[in-house]
Amino acid sequence: MSDAVLKVDDLRTHFRLRAGTLKAVDGLSFELQAGRVLCIVGESGSGKSVTAQSIMRLIMPPGRIVQGGITFRDQDLLALTEREMEDLRGNRIGMIFQDPMTSLNPVFTIGEQIVETIVAHTSLSGEDARARAVELMRLVGIPEPEGRLSDYPHQFSGGMRQRVLIAIAIACEPDILIADEPTTALDVTIQAQILRLLSDVQKKLGSAMILITHDLGVVSAMADEVLVMYSGRMVEYGDVKTIFRNPRHPYTQGLLDSIIKLDDSRESELRSISGLPPIPIDPPPGCAFRDRCVKAFDLCGEQDPPWVETGTGSTAVCHAVAAEEAAP
Amino acid sequence: MTRFIVMRLLTIVPIMFGVSFFVFILAHLAPGDVTTTLTGPYATEETREQIRESLGLNEPLPVQYGKWLSHILQGEFGKSIANRRMVAELIFPKFANSAILALTSAAMAYVIGLFAGIFAASRPYGYFDRFTIAGTLMFGSIPPYWFGLLLVLLFSLTWRWLPATGMTKIVGGGGPIDVILHLILPTIAAGAAPAAIIARTVRATMLEILSQNYIKVARAKGIRRGVILRKHALRNALPPIATICGLQLGYLLGGVLFVEVIFAWPGIGYQLWQAIQARDIPTIQGASLIIAVAFVLVNLAVDVFNAYTDPKIRISEGVRSR
Amino acid sequence: MFRSLRTVALAGAVTVAGASLALGALDTKSAKAEQGGTLIWSIPAAMSLFDPPQSCGWLTKNATHMIFDGLVELELGKPEKGWATLRPALAESWTVSEDGMTYTFNLRKGVKFHDGTPFNAEVAKWNYDRFSNPDAPQYNEVANAYLNFYARWIASTRVVDEHTFEIVLTQPHYEWLQIGQSSCGQPEMISPTAWEIHGDQDIALHPVGTGPFKFVEREIDVMVVLERNDDYYGEPAKLDYMVYRQITDPATRIAALRAGEINMVTEPTWDEIENLVDEGFQLLLQPNVPSVWYAAFNMQHPALQDVRVRKAINMAIDREGVAREVLRGTGKAEHGMLSAGTFAYDPDYNPYPYDPEGAKALLEEAGYGDGLELTFEIFDYGWNEAWEKWMQRDLKKVGIDLKLNKLEWMTYLGKWLQGMPETVAMNSMGWGWSVPYWTAHATRCDHHPPNGINGGWYCNEAVDALYQQAIQTKDQAEATKLYREANRIIMEEDVAFVPVFSYHNPIILAPNVKGFVNGQENWYDYTLPWVEE
Amino acid sequence: MSDGGNGAGGGPLLSVEGLVKHFKLDPKGLFEAPPILRAVDGVDFDVRRGETLGLVGESGCGKSTTARLVLRLIEPTAGSVVLDDVDVLACSKKELLALRREMQIVFQDPLSSLNPRMSVGNSIAEPLRFHGIGDKVDRFDRAREFLEVVGLSTDYYDRLPHEFSGGQNQRVAIARALILQPKLLILDEPVSALDVSIRAQILRLLIDLQGRFQLTYVFISHDLSVVKRFCNRTAVLYLGRIVEIAESESLYREPLHPYSQALISAIPEANPDGPRADSLGGLEGDVPSPISPPPGCPFHTRCPHRMPVCSEEVPALKEVRDGHKVACFLH
Amino acid sequence: MTDAPSLHGESLRQRSAAELRRENLHIMWRTLTLAWHAYAKDKAAVGALIFLVIVVLIAILAPWISPHDPTEAVGTRGGLPGTDGLVLGGDMDGRDMLSRLFWGGRVSLLIGVVPTVAATAIAVVLGLFAGYVGGWVDQVVMRVLDVFFAFPLVLLAIVIAGILDPGVATLILSITVALVPYISRLVRTTTVSVKQEPYIEAARAGGATTPTILARYVLPNMLAPVIVYSTTLIGLMMVVGSGLSFLGLGIQPPDADWGTMVSDGRAVLKKAPHATAFPGFVIVIVSLAFSFVGDGLRDALDPRARVR
C-alpha cells in the first residue's frame, strides 16, 4: 500500500440546500495505487461524480467539502491554495467528463483548447505547443491531426470529441486520470473504441485511473479495483474479480443480479432491487440501503454499518456481512 | 457568413417597409390640423383649404403615402411645415446629438453593466452580488426624469460642479471639454437604467455559462480562474450580451426623451416630441423613420456580430468555400 | 443607406464645431459700463418662422421685432404708463385724414436693411402688398391669413413719393394702426432683395430687416442668436448678443437660471419666485398687460342656455383667491373682458363679487340645486392647471362638478377654432390685445366658426353695433364709453364669459442684468438692457 | 381484457413496407437546393400479434423516426404502414384519431414526456378525454385502476411528475399508453434513462402487462442485451435501413451482417472473465452523416469485409435462412 | 380488475363522484400549497407580496381611509411633513400628500396592471398562434411585431398617446400597444420551445387534437415564464406611465397618479423636496416589490422548484 498515489480519507462533501443538507458524499475512504484502475460504480445520485469533483476540488457552492483528507503523493490537496490547485489540475491529475458534446468550448478551436492546457502547465509555447498538440491528437487516434487543429468542436463527432478531451486530460502525462462516465453518452461501437483508447493510454503513461461508471460491463472491462457506492457512502470495495465473483454486500449482489446479460435467455428471471434509492438529505442514522435490503434487521436502522474486511477479500460496509463474518 | 448577412439584410426590407407605413399612418392619424399653425386663428376656412391643397394634404392617403415613399427612397425627407427647414437638415444634426449622448450613455452602461455583471456572477450570492442585484433593481425602477432632476439638484445647483443644461455653454463654450462636461449628467441619467439592465443580463448569462460543462472542463484543465472568466465564459456569453447591448443602444439612439427634456439636450427624441406637438408631419415622419432605421441597423449589426462570433455560422461558409 | 449614415456623422461634427465657432467669440468684448453682454432667455416653446407677416405668436415676435421694424411700433420702455402707445419707427411721423380713412406716413430717410438694401416707399408698398394685394407677385396667402384683422380694412396702398407712403382703408377705423401691433402676423418690413434671392418659402430662414439686432443663427428647437446692429438708425441696442434658448421643462429653466446658464426666465413656477428673489434674482412684473385669462361659455350647451347658471358660475369663482393663492402676486383678479393694457379698462368694474351662497341660490332657482356636471376643455400651458383646478374646487362648493379635459396645445387649438360642441360647457384661453376692439373677435355674430373664432357661439346684434361704433369714434373718451357698455352687456346681460385674472408676466433676471423693462406687452424691448460681466 | 381484439386472424398486426422519411434542411446557399437528411431510407418489417420486435441501432440510425412514422406523428415521404388491415397512412384525420386507440407509444425520458403541470393521475386519464370516452368520473376511476395496474398506489393520483423518480414516471407513462387498451405499444428506449436496479423492474412490468393485455410490442433500444432478453425478434438498423432481422436467439448466436457482429462484440460484459477493454470488438471510425450517406451499402465505409461491389450497389434484404434476413453481399 | 366495475358499477360510481370532487379539490389545494411553499422560500418575495397587498388595499380603501379630500387644499402650500397636522406635508397646492398618495395609488396601479394584463392577453393569443402554427403565419405575425419593435417603447407610447386625447384610457391603450410586441416575443419563443417538448408529442400520440394540446399542454406550460415576465413589467409600466403623465399625456386634473405627483412637485423641488420625494420613492419601491414578486413567482410556478 505504500505506492498509493492518492489517499482519500473520510471524505464528506455536503450541499447546503433550502430543504436541508444533502450529504452527497458522506464518509468515503479509499486508496489509489499507481498504475491501477479503480472503478467507482453506483446508481445516479450515489455520489460518484461528487467524489471525483471533490478530488479535483471542483465543488462549487452551495457544495462544500466539510471533512476529510485527500492526499496526492504527500500533498494534502485540501490544504493547497486555489492557485496551487490550479497548477495541479490538468497537470498531475487529468479529468475526462461524461458528455463530450458539451465539454468542449464551442467558440475555440480544438487546437486552442489543447494548446491552452499545454501552455498552462509546461514551458512549451507557440509552435512547440502546437506540435505537442498534434502529437497528442495522433496519440488519441484523430486522423490528419494537423488539419483538424483549427477546426471547431461542432465539426467533430461525439467520439472524436471524447478523444480530444482525452488528449487534453493526458497532455501533461498526469499521475492520475479521472474519467467520469466517459462513455455513457456514446454509442456502443464508439464506447468500445474509447474504452480501448483509455486503457491503452493509461498503460502507456503508467497513470493511475479512477473510472466512474454505472455500467458494470465497463467495470469488468476496465477495473482493477471496484468501489461500490450507494447514497453517498461506500458499500463495498475490492478487487474486480472478487467483487464480481463474490459480492458480499446485499446491494452489490442485487446490482449484479439486475444486470441483463447477453447470454440470458428470454425465459431467465429478470431480477431487480425493489424500491427506490433515497435522496440523502439529512439522512437518518443507520444503513441507507436498509429499506430495500433483503437481509436488513433492526440494527440496520439504528447504527451506521461497520466496515468489515471479509474473508473473501473485499471490504463491505454492512451489519449483515459483519454478522456473517462473525458467525462461525 | 455572406449568405447569413444577405439573408439578414433581406429580412430588413419588409420591416423597413412596415416601419415606413406605420410612421406614415401614425403621423396622419394625429388630431389637430397643421393648417391651424400655418394660418393662425384669424384665417378663413377657404385659406386653410388652399393651404391643405398646396401641401397635398387633400389627396387620398394611399396616394400621399406612395409619393412620400418614393421621395424617401430618393433620400428626400421633404420640408418641415413648421419652420421650412429641410427635414433632413433638421433631424440629422439632432440625431447626431442624440447619438453622442447615446454612445456615451451606452459606453457607461456597457462598462458598468459588464463589470458589475461579471463580478457579481463570479461570486454568486456574495455581498457584491447582492449589492449588484439591489442596485440593478433600484436603477431599473427609478423614473428617469426624477433621477435627472436629482442629479441636477445635487451636481449643478448644490455643488455647482457640472452644468445643468444643454450641450455646450452658450457664452464662450463649445470646445470638446465643454461638451464633455455637459455630457456627464445626461449620460448618467440616460445610462443608469441600461447599465442596470445590462448588469442583470450579464450576470444571468454568466451564471448560466459558468454552469456549463466546458467551464468545468476548463477548470479541470487547471486554467486560472480569471482566465476562465475572461476568456472561456465571457467569450460564450457574448451573443446575449451583444444582443442586450444592441437593444439598449437602439433605445438610447431613439432618444431618451425624458433626459433630453430635463437637460434641454437637443436630441432627436425631443425633436420628435416637438414635431408631434406642432403636427409637423414631414418632421414626425422623418424623425420616427430615422429612429426606427437606427434601431433596425443596430440590431442588424448585433446579429452580424453574433454570427461572426459563432463558429457554427462562420465556419459553415468556410467549409463550403474550401 | 450608407450615404445617409455618413451624412449623419458629418452633420454631427458640424453642429458641435459650428456651435463652438459661432459662440466662441461671444464674450471676447470686454464689458463697458451700461453696455454690452449677452442676454440669454429661456423660451418655453418653439418659435415660429422668422418672417413677420408669416409667423404668429408673442414668443416669435420677441425675436422678429428686434430684427425687423414696422412703420410704427409700441413704446415698451415706459412701464409706468397705463397702456402702451404707438411711436414712430420706419415712419418718422404719420397723419390720419379727417374722415379717418387715409393714413399717410412720412418715412425715415437713409435707412438700410441689414443686407444694404435701402428702405423707401416702394419697399413699404411691396411689403404691404405681400399680405394685402392678391394680385401682387409677392402675395402670400398665409401672411394674409395671419394679418387678416389688419389687412381686411385696407382698400389700397400708394407710393406718394420716395419717402411718403399712403394707405386708404375701407371704412373709418381709429384703432387700425394699433391692431397691426397685436395681430397674429406682423406688418414689418423684410428686404425685397433677400426675398428675390431666397424665395417666398425660404425667406424665413434668412431674415433680413432694418431692426436693432441682426440675425446670426438659429438652431431649430434649440436656440436663436442675434447680434447688435451697429448701423441701426435709432438708439442702438446695448447688448452685444441676444440669445433665445428653448427649454421646455419649467424645472429645468429654473435650474439653468440658478446654474448661471441663462439669465432670464419667463413663466417661472410661482412657488419658486419667492426663493429666487431671496437668492438675489430680480423679479419684474407688469400689471398693465393687455390680456385676460378667461373661460368662454358655450351658449349652445343645454344647461348653460339658462343665464342664471352662467351668472351663478361667475359668482361662484373666488377670483381674489386665485390671485392670492394661485398666482401668488404674479397677477390680479379680473372681472371684465376689457384688459388692463387698453385705454377702455375700468379697474373698478366688478359685477360679480365672490358669492357662493348667491350662486347656490341661483342654481337652485334654475333647477340645478342637486348638482350639475360640466366639461371644461383646457390646454396644457405648463402651469399644472392651477387656476382651472381652483375653479373646479370653487364650483364644487356650489354643486357643480367641473370635469377638466386637458388637451395638448395643438389639439386644443384645432378644437378651439372649430367652436365648442354641445358636450363641452366651457373652454379656456388667455388672450387679448392692446386695443379694446379685441373682444369683438370672440363675440361677433359673423365670427362663428369656421368664419372666425367666436367658439362660444355668442351673438348679440346690439353688441356688434357698439363695437362698430367704437372703432369709428375718434374721441377716445367716447370710445371708452362704448366699449364699457358693450362689455357690460356681455358680462351682465348675456354673461358669455368667466374672466378670471390677468397675469402680470413675471420675469426673473439674473442680478447682473441691468436696464431691462417689462413692457405692457408679451414682448420686450431688448435694446434697453445690458449685462454686466 | 375480454375485448382484447385478438381475433383478427393470422396476418401480422403491423406491416411496414418501403418506409422512407427525408427531412429537408435549411439550404446552405441562397440559390441551392436544400440538403436532405435521409433519416429512414426504405424500411420493411412485419410485427406479428403478441410478439415483441426489437429495433436496435446506434443513435441517428432512424429507430425513433421509424416509431413516429408508424404512429404517423410525422408524415412519411414514402411507404406504407398497415395496422390490423388498416392503412395508417391513407386514413383521414378522423380515422387516424380512432386508430390512435389501437397503437400507443412510451418515450425514453419519462419525466419530459409527462406534462409537468398535470397531476400524474390526470395525465393517465388524458387519452380517455381525448377520445371522449366516459365521463369525468369514469375517467377518474379508470386512471386509478391503471395506476394500480402499473404498480403505483392510487394515493399518487394527485402527484406531479417532478415528485416522482424516473422509474415511477415511466410507470405513469406506461399507464397512460395502456389506458386506451391498444393492440400495439411502441416502446422507444423505455429503460435507457433508468438506473440498472430500476430497469429490470420496468421490464418485468412490461412483460407482465404484455401477457395480461395481449399486447404487441415494438421495442426500440440501443442496448443489445436488453433487446435480446426482451424481444422475440430483432431488427438491426444502420443509417436508415434494416441490415439484419431475425429471431433474437438466432441473431445473437450467429449474427450474419458484419455490423451486427461488430455491435455484439463491442458490448463489454459484466463478467470478470469476459474480455478486457483492449480485446473489445467494435469498429473504427464514425457513422457517416445521414445527409450525405455513402453510395452502395451504407456500412461499407466501416466494414472489415468490404468488397468493390459494396460501394456500388445497395444490398437487398434477403432471407438467407428461415426467418433470418440480412442485407449483405456476403450472404 | 376489469371485472370489478362492471359488477358493482353503480355503487362504485356513487363513491367515485364524491371522491372525484374531493380529489379535484385536493389537487387544487395541493398545487396551491406547493406553489406557496416554493414561493415562501423567497423571503423578499413574501415581504414584497405583503407590501403590495397593503398598497392595493390602501388604494381600494382610499375613499374611506384618506384623512383628507385629495383635491382639497387643507394646509400650507408645500408644507413640510408634520405641518398643519399632515403627516407627509402638503403639496404645492396645499393638498394632503398622504391622501394624494393613497388616491394616486389607484391610478398608478391601474396604469401598471391593466396595460400589462391586457397586453399579456393579446400577446398570448398572438404569440401562441404564431409559435404553434409556425411557417408563414409565424413570419407575418412576427414581422409585423418587428415593425413595432423598431420604435423604443416610451416613444411608441408617446406617439400613440400624443395623437389621442389625454386621459387614463389613452395612457392604458398606448402602453398596451407598446407592450404587446415584447410579451408576444416571449410567448412565441416559449411556445416554440414547449412545442418541442416530448409531452406534446406524447399527447398527440394519445390522440389529442390541436385545440386540446394548445389549451391543456402548451398554454399552461408557456404561461409561467410569461406571468413572471409580466409581473416584473407591471412595476416598469408604472414608471413608463408616470413618464407619460410627466409629459402631460396622463390623467386629468385634479386626480393624480404618483407620476403626475412627481411631475407637479418638481416645480418646487428646492422649496418642498418632499413633494417629489415621496411619490418618487413610492414608485421605486412598488416597482421593486413587483420585481420581487416576479422572482418569487418564478419559483412558485416552476413545478421542479415545488418538489422539495
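Which chain is which? They are A, B, C, D and E, in the order written, and residues in each are numbered from 1.
Operating definition for what follows: contacts are C-beta pairs under 8 Å (C-beta built on N, C-alpha and C of every residue); 3 or more make two chains touch, one makes a residue touch a chain.
Bear in mind the structure is a predicted one, so any value in this text is a computation, not a measurement.
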Open item on the list: I need the common contact partners of chain C and chain E, sorted by label.
Closed with: B
TODO: Treat touching chains as neighbours and tell me the shortest step distance from chain C to chain D.
DONE: 2
TODO: Looking across all chain pairs, point out the one with the most C-beta pairs in contact.
DONE: B-C
TODO: Name the chain whose C-alpha centroid is most distant from the C-alpha centroid of chain A.
DONE: C
Open item on the list: Could you work out how far the Cα centre of chain B sits from that of chain E, in whole Å?
Closed with: 26
Task: Cα-centroid distance, chain A relative to chain D, in whole angstrom - done: 32
Open item on the list: I'd like to verify one number: the distance from the centre of chain A to the centre of chain E, where each centre is the average of its C-alpha atoms, in whole angstrom.
Closed with: 49
TODO: Let me have the rounded angstrom distance from the C-alpha centre of chain B over to the C-alpha centre of chain D, please.
DONE: 53
TODO: Could you list the positions in chain B whose residues touch two or more of the other chains?
DONE: 31, 149, 153, 157, 261, 277
Task: Contacts with two or more other chains, residues of chain A listed in rising order - done: none
Task: Interfacial residue positions of chain D with respect to chain E in the complex - done: 1-2, 68, 71, 73, 97, 100-101, 104-105, 107, 109, 112-119, 121-122, 126-127, 129-131, 136-138, 140-141, 145, 148-149, 157-158, 160-163, 173, 176-177, 180
Task: Residue ranges of chain D touching chain A (in the complex, touch as defined) - done: 58-59, 165, 167-168, 195-201, 203-204, 207, 222, 224-226, 228-230, 232, 248-249, 252, 262-272, 274-278, 280-284, 286-287
Task: List of chain C residues in touch with chain B within their complex - done: 1, 3-4, 7-9, 11-16, 19-24, 26-27, 38, 40, 46, 48-49, 56, 141-142, 144-149, 183-185, 201-202, 204-205, 219-223, 243, 245-249, 251-252, 255-256, 258-259, 261-262, 408-411, 413-417, 441, 450-453
TODO: Under the touch definition given earlier, write down the residues of chain A that touch chain B in their complex.
DONE: 53, 56, 58, 61, 82-83, 86-91, 94-95, 97, 99, 102-108, 116-117, 120-121, 151-152, 154-155, 165, 168-169
Task: Residues of chain C touching chain E in the complex - done: 250-251, 254, 269, 271-272, 275, 325, 380, 384-386, 388-389, 392-393, 403-408, 411
